[in-house]
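First chain A sits with chain B, and in the next complex the same chain sits with chain C.
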Partner chain A sequence: MNHDYQKDISGCGLTGLISRKRRRIGGADIVKSLCLMTDRGNGLGAGYAAYGIYPEFKDFYAFHIMFDEPSVRWTLEEYLKNNYHIEKIEEIPTSPVKAIPIAPLLVRYFVTPLKDKMAGDIQEADFVVNTVMKVNSEIEGAYIFSSGKNMGAFKGVGNPRDIAEFFRIEEYEGWTWTAHTRFPTNTPGWWGGAHPFTLLDWSIVHNGEISSYGINKRYLEMFGYKLTLLTDTEVAAYMLDLLIRRQGLDIPSACLVLAAPFWKKIDSLPEGEREALTALRQTYGSALLNGPFSILFGHSKGLVGINDRIKLRPLVAATKDDVTYMASEESAIRAICPAPDKVWAPRAGDPVIVNLED
Partner chain B sequence: MLEINAGGMYYRDLNQKIRDAVNSGEKDITVRNVNGQYYIGDGLRGKSTITVEGVPGNDLAAFMDGPTLVIRANAQDNISNTMNTGKVVIHGNAGDVLGYGMRGGKLHILGDVGYRVGIHMKGVKKQAPTIIVGGTAGDFFGEYMAGGVLILLGLNNDGRPIVGDYLGTGMHGGVIYVRGEVDKNNCGAEVGILDVDDEDVKVLKESLTEYCKDMGLSLDEVMKKGFKKLIPVSLRPYGNLYAY
Partner chain C sequence: MFKSLAPPEYLATIDREKCIRCKRCIQNCGWGVYSWGGDKVLINTSKCVKCLRCYHYCPEEAIEIVDNPTRFKQNAYWGYNHLRNIKRQAETGGIPLTGMGSDLPYTILFDSLLIDACQVTNPSIDPLREPMELRTYLGKKPSSVEFEKGRDGKLKLKTKMPPQLKLSLPIIFSPMSFGSISLNAQKVLAMAAKECGILMNTGEGGLHEDLFPYRDNIIVQVASGRFGVNPDYLNAGVAVEIKIGQGAKPGIGGHLPGEKIPLEVARARMIPVGTDAISPAPQHDIYSIEDLRQLIYAIKEATNYKPVSVKIAAVHNVAAIASGIVRAGADIVYLDGFRGGTGAAPSIIRDHLGIPIEHAIAAVDDRLRQEGIRNEASIIAAGGIRSSADAAKAIALGADAVAIATAALITMGCTTCGKCYTGNCSWGITTQRPELTARLDPEVYAERLINLIHAWEHELKEILGALGINAIESLRGNRERLRGVGLDTQILDILGVKPAGR
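Presenting the complex of A and B:
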């Protein structure tokens, strides 16, 4: 890998948009928005996630899998065939891009778990999570980097424009999009380490660094999650799965766990609220994300933007008609929405929660 | 008068054009269709006035020494970092970490600002940098402030708090004026809250006369409401922080 690059000082950049009315928006917009912030990254990772892109296979889990070596594919498919009905297998469509001479083999599988493989009362989603954890930790050189329904992540090592061209992002249409340009600081710039990070329908793009990674990782491991992608953001995706899907917290409560108010603020609140927040912090102390972050997380029902409790990373939001935009920079929103109805900077730790209409 | 169309132009090319124009003696430059180009006005010297139409990118006016930048839109983060002299006027909102380590000159903002505005602002020799914010500010306003003047007006704040928490935390020089009441619980331990005296009113009027002219506001209206003055009053309030 070439580390002899020259770069201005920068940080990661993220952007996302959602049409509340489930209007499917072509990928060109999110690409244009992200490309405005190309210089926030350094070409060592970019990626996109979109919801609503596979209507013809919407009832199947869409596994996007990267293989370091083509031979690993057969090991993986052997395992998959034993546990899933496979509706369709295809290589993820890509275009040759000069700046991306080497890429892993990228294949997608539309699958549904075989009923007789789900022992006891195991939920389908748990079965899929177990598969992702098993493959990513036990089948060397195979990574499931996307596993939701009617959604997908596309990511790799390259700058935002090159990755978009490589994955032909502009050919997809989705009602929710997130995107990320990476400037890896503490961990390697590799294909699996690019954002978004996903599990089931959860997808995360993140600017910052999660200083509490060790605590979060050990906590997640107690619930069977395996952290294999060599970077901090992975914990946020699994934490949301744990808090919201498995433990039943609603999204505002989950946000209060990830970016919990300081005790100073909790102590100043009226009794009921104080007790509720105290209980959340006491129960989920190990799920608190410490350190600087701004995060967008997409899911099957909406999009959420949140940053850390003292606003150590930027986040700007805007609305125009049925679309909400969130990005690291206002100009990245204006690149695709020159005259928003409203533009604002969310306060520290105060989530922007957008839900899709039914 | 020179016009530059910045639409779709890479920031390095745009800034080279602006720099070349300033170096060739152009005093009045308008840059149209700006969106997100970084580093506009950085390190620029001279007395030119540069009007920016559109939202400029981060790190505007860093190390600037002389020119006037007028932004006819919102602006982003890290404006006037270590700026020495000159002026930046923003006819909209601005982001986080404005005036970091600012040594002199003026930063006038019509709307709201984000977090850590005036952090480490200092001034040097006889220079006193001044930041005036027309709207509200987030947490850490004037954090580690060492010199200069911060004025926060809270005009049209629709009942939102005028300023966030950790106001003036670590402050050891300079002065913060807030138009309205300040909650001691939101201030750093070393911050004293005082009523303004005649000398303060003189300072405020002088600074705000120019600000109101830039923004098209009425000085009388702005001065109608009382100000509080925040200065550092205690020495080494954190002396025992790590000592037990």
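Presenting the complex of A and C:
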């Protein structure tokens, strides 16, 4: 049993935006919004995720991989070639930044699983998840930090401005963006430890500390997840993967698991709903994320913002035309959208769910 | 008569200057220590068990009960208990009996575990201002649920949920039969269970009709003696428990002598007055796990699928056994650690068989998770829960709820004197003598037990608040919030707990 781990604790700031109409927005906005909250981090981690950035490869899984040293690359590529058709390999474009003297080797692969490698009736998504789990836990020095289609995460050790310049974020265009600046309190800076944390199309940025981490982790392990990062964010990401992709809950129901309503509220509902929510809490008690958090999670069809059930971390939302903004601070929204149509503070546990139009 | 060579354990003394000869001590002592000598109270101190009933009821504080200073010579190897038992065995040729849980100084893991608290990076929560949820449901849970959208667009449940037992807090009362304890003591448990929204358990003594009004808060037990078992009985509570073993006497049956079977007990047990009530060591229709499965399903059929709990003593191989029980269809696995109490057990068995509950919870919870079946049954942990802190630690190790018995009896006056097997309990708890049971007023003592449960409830909420969580399910199995002090690597590994400082 893996219990003798050191959990990663950090405070942070987060921001995100989405164009319902799939209008692709340049990276400059999200960078500006995040940089306004630079003081919520301590320069030990920042990152961005964007959807709709690889239209020419939209049918391929985009693996963003970091290598602690270049030689590991060949081991990894050997493994990939045996299991995937590789459409394209390229180093992720970066610019030299003074504040980032050393960086891991960063390469992206556009791939699709080889049909004959998917034994039995294993689903394509499960196959990709297994690859991510295997590489991250077994190939020392290689780390897949992004694995979805037509989306990507860019993250590392540095402050929001430096990381944006390093990854040339402003050159990408996407319809959904999330970003994060970090204040780790106990980990040495590791590039993989920054947010967003992703798995398949899921990307998570998270602010807070999940006090129920221990049981959430053990619950996920029962379903075969390997928690290698030891962060709350990883727990949140896998929990969503389990609830939504594997067990088929819809997003609103999954939110009712992560930030479950209080019994008092459930008891007061009309019978059918009461029965449904009671069953949800009885079944998924170990999946309740308890403790302070605000989370933005992006996926191929939209963006969701959610708070813990007594709102111990800030989250503000705003809309302007087809765009919805969510951030830790209202100022981070107003920095890029000075006159929103509507601004509000979502209530504790009430998710803000935005779906892309088809 | 031959004078026992085992010196009395306690000396009961009366300060003759203070004594007003009211004779209350004579009335109160169930063991016959005191008698009237015409002009003063006589004392037969060899009968004293230090239950302290006389001390509490003496109006003049004239009584003092002290540990007998005249002891065998101190010897670190040949302890007092060894010599005493050998001498008693030499005199009687019998097996010395005892009551309550083992009092030997084995390591107490609960006392080597400390609970976490929040500072800065996550806020603690004030239970006086914020909701703090202890509600617990016992029973099988599906691994996922399915919904359909109702016409009104609201969620509607598609999955059929297995039956659940609702508790307002994760504490229930352990089984104690009518016969081993008095009907009044059972009434105290039933009244408190009802008031607190929790459960009591009949033990294997059948169900007295006075308890019928409390059926929503009762688990009925089926054990090897099958006393009082019929379809009405099985359906008389909210769940049925099959008792395989008891922590204090794993592998051992029970024997309630005929003298303790007056009419009322006989009726509840459905046996003739004055016959010995013998519970065989095994259940004679359960010699294997497949037999257990058949009984579980027979009971489910007879009760229209009420939850079935299976109670076992924590023994060396408890994880594999519990896994088998879950796969056999049990909704609840009740683990009873070796510190668990008893009305009567051979002391050699009580003190030397089984394993502590802390190890058992950790091993069972781990095993059920490894097999991916932890959701299939709830775990109740019992056997020496002394405080809400023990309860919190047991839950953090992986239990869904804890069961308490000794703590509940202590609210009724019990001083853990350990002489329950004599049937003379001066507090009216573990006795059927009418003059003794009459002194246990159910209304009065239910109030005390309710106070205890409420006090523990408040304490549990304070603990959760300090941990920065507001629902008990976030503590359950959350071993990350426990640390071990002074435990070696192997025990930490078994418990799945880090040492303090990590």
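Everything that follows uses one rule, which is that the second predicted complex is superposed on the first by the 343 of 358 C-alpha atoms of A that agree within 3 Å, B and C clash if a C-alpha of one lies under 4 Å from a C-alpha of the other, contacts with A are read in each partner's own complex, and residues count from 1 in each chain.
The working rule: contacts are C-beta pairs under 8 Å (C-beta built on N, C-alpha and C of every residue); 3 or more make two chains touch, one makes a residue touch a chain.
None of these values were measured; they are calculated from a predicted model.
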A:97 contacts which: chain B (first), chain C (second), both, neither?
-> neither
So, A:353: does it touch chain B (first), chain C (second), both, or neither?
-> neither
Determine, under the contact definition given at the top, whether A:105 touches first (chain B), second (chain C), both, or neither.
-> neither
Partner chain in contact with A:273 - chain B first, chain C second, else both or neither | second
May I ask you to decide whether A:330 touches chain B, chain C, both, or neither, giving the answer as first, second, both or neither?
-> first
Does the superposition put A:310 against chain B (first), chain C (second), both, or neither?
-> both
Examine A:345 and indicate which partner it touches, taking first as chain B and second as chain C; both and neither are also allowed.
-> first
Chosen between chain B and chain C, the partner touching more chain A residues is C
Chain A residues touched by both chain B and chain C?
-> 310
Per the touch rule above, chain C residues touching chain A in the complex are 118, 121-123, 125, 130-131, 133, 135, 137, 141-147, 150, 154-157, 159, 161, 164, 366, 369, 372, 374-375, 467-471, 473-481, 492-493, 496-498, 502
Sort out for me which residues of chain A touch chain B in the complex.
-> 8, 36-37, 39, 268, 310-311, 314, 316, 329-332, 334-335, 343, 345, 347-348
As the complex stands, chain A meets chain C at residues 1, 3-4, 6-7, 9, 11, 185, 208-209, 211-215, 217-219, 221-223, 247-249, 253, 260, 262-264, 270, 272-273, 275-277, 279-286, 288, 290-292, 309-310, 312
Residue ranges of chain B touching chain A (in the complex, touch as defined) = 11, 35-36, 38, 54-58, 74, 76-77, 93, 95-96, 112, 114-116, 138-140, 164, 185
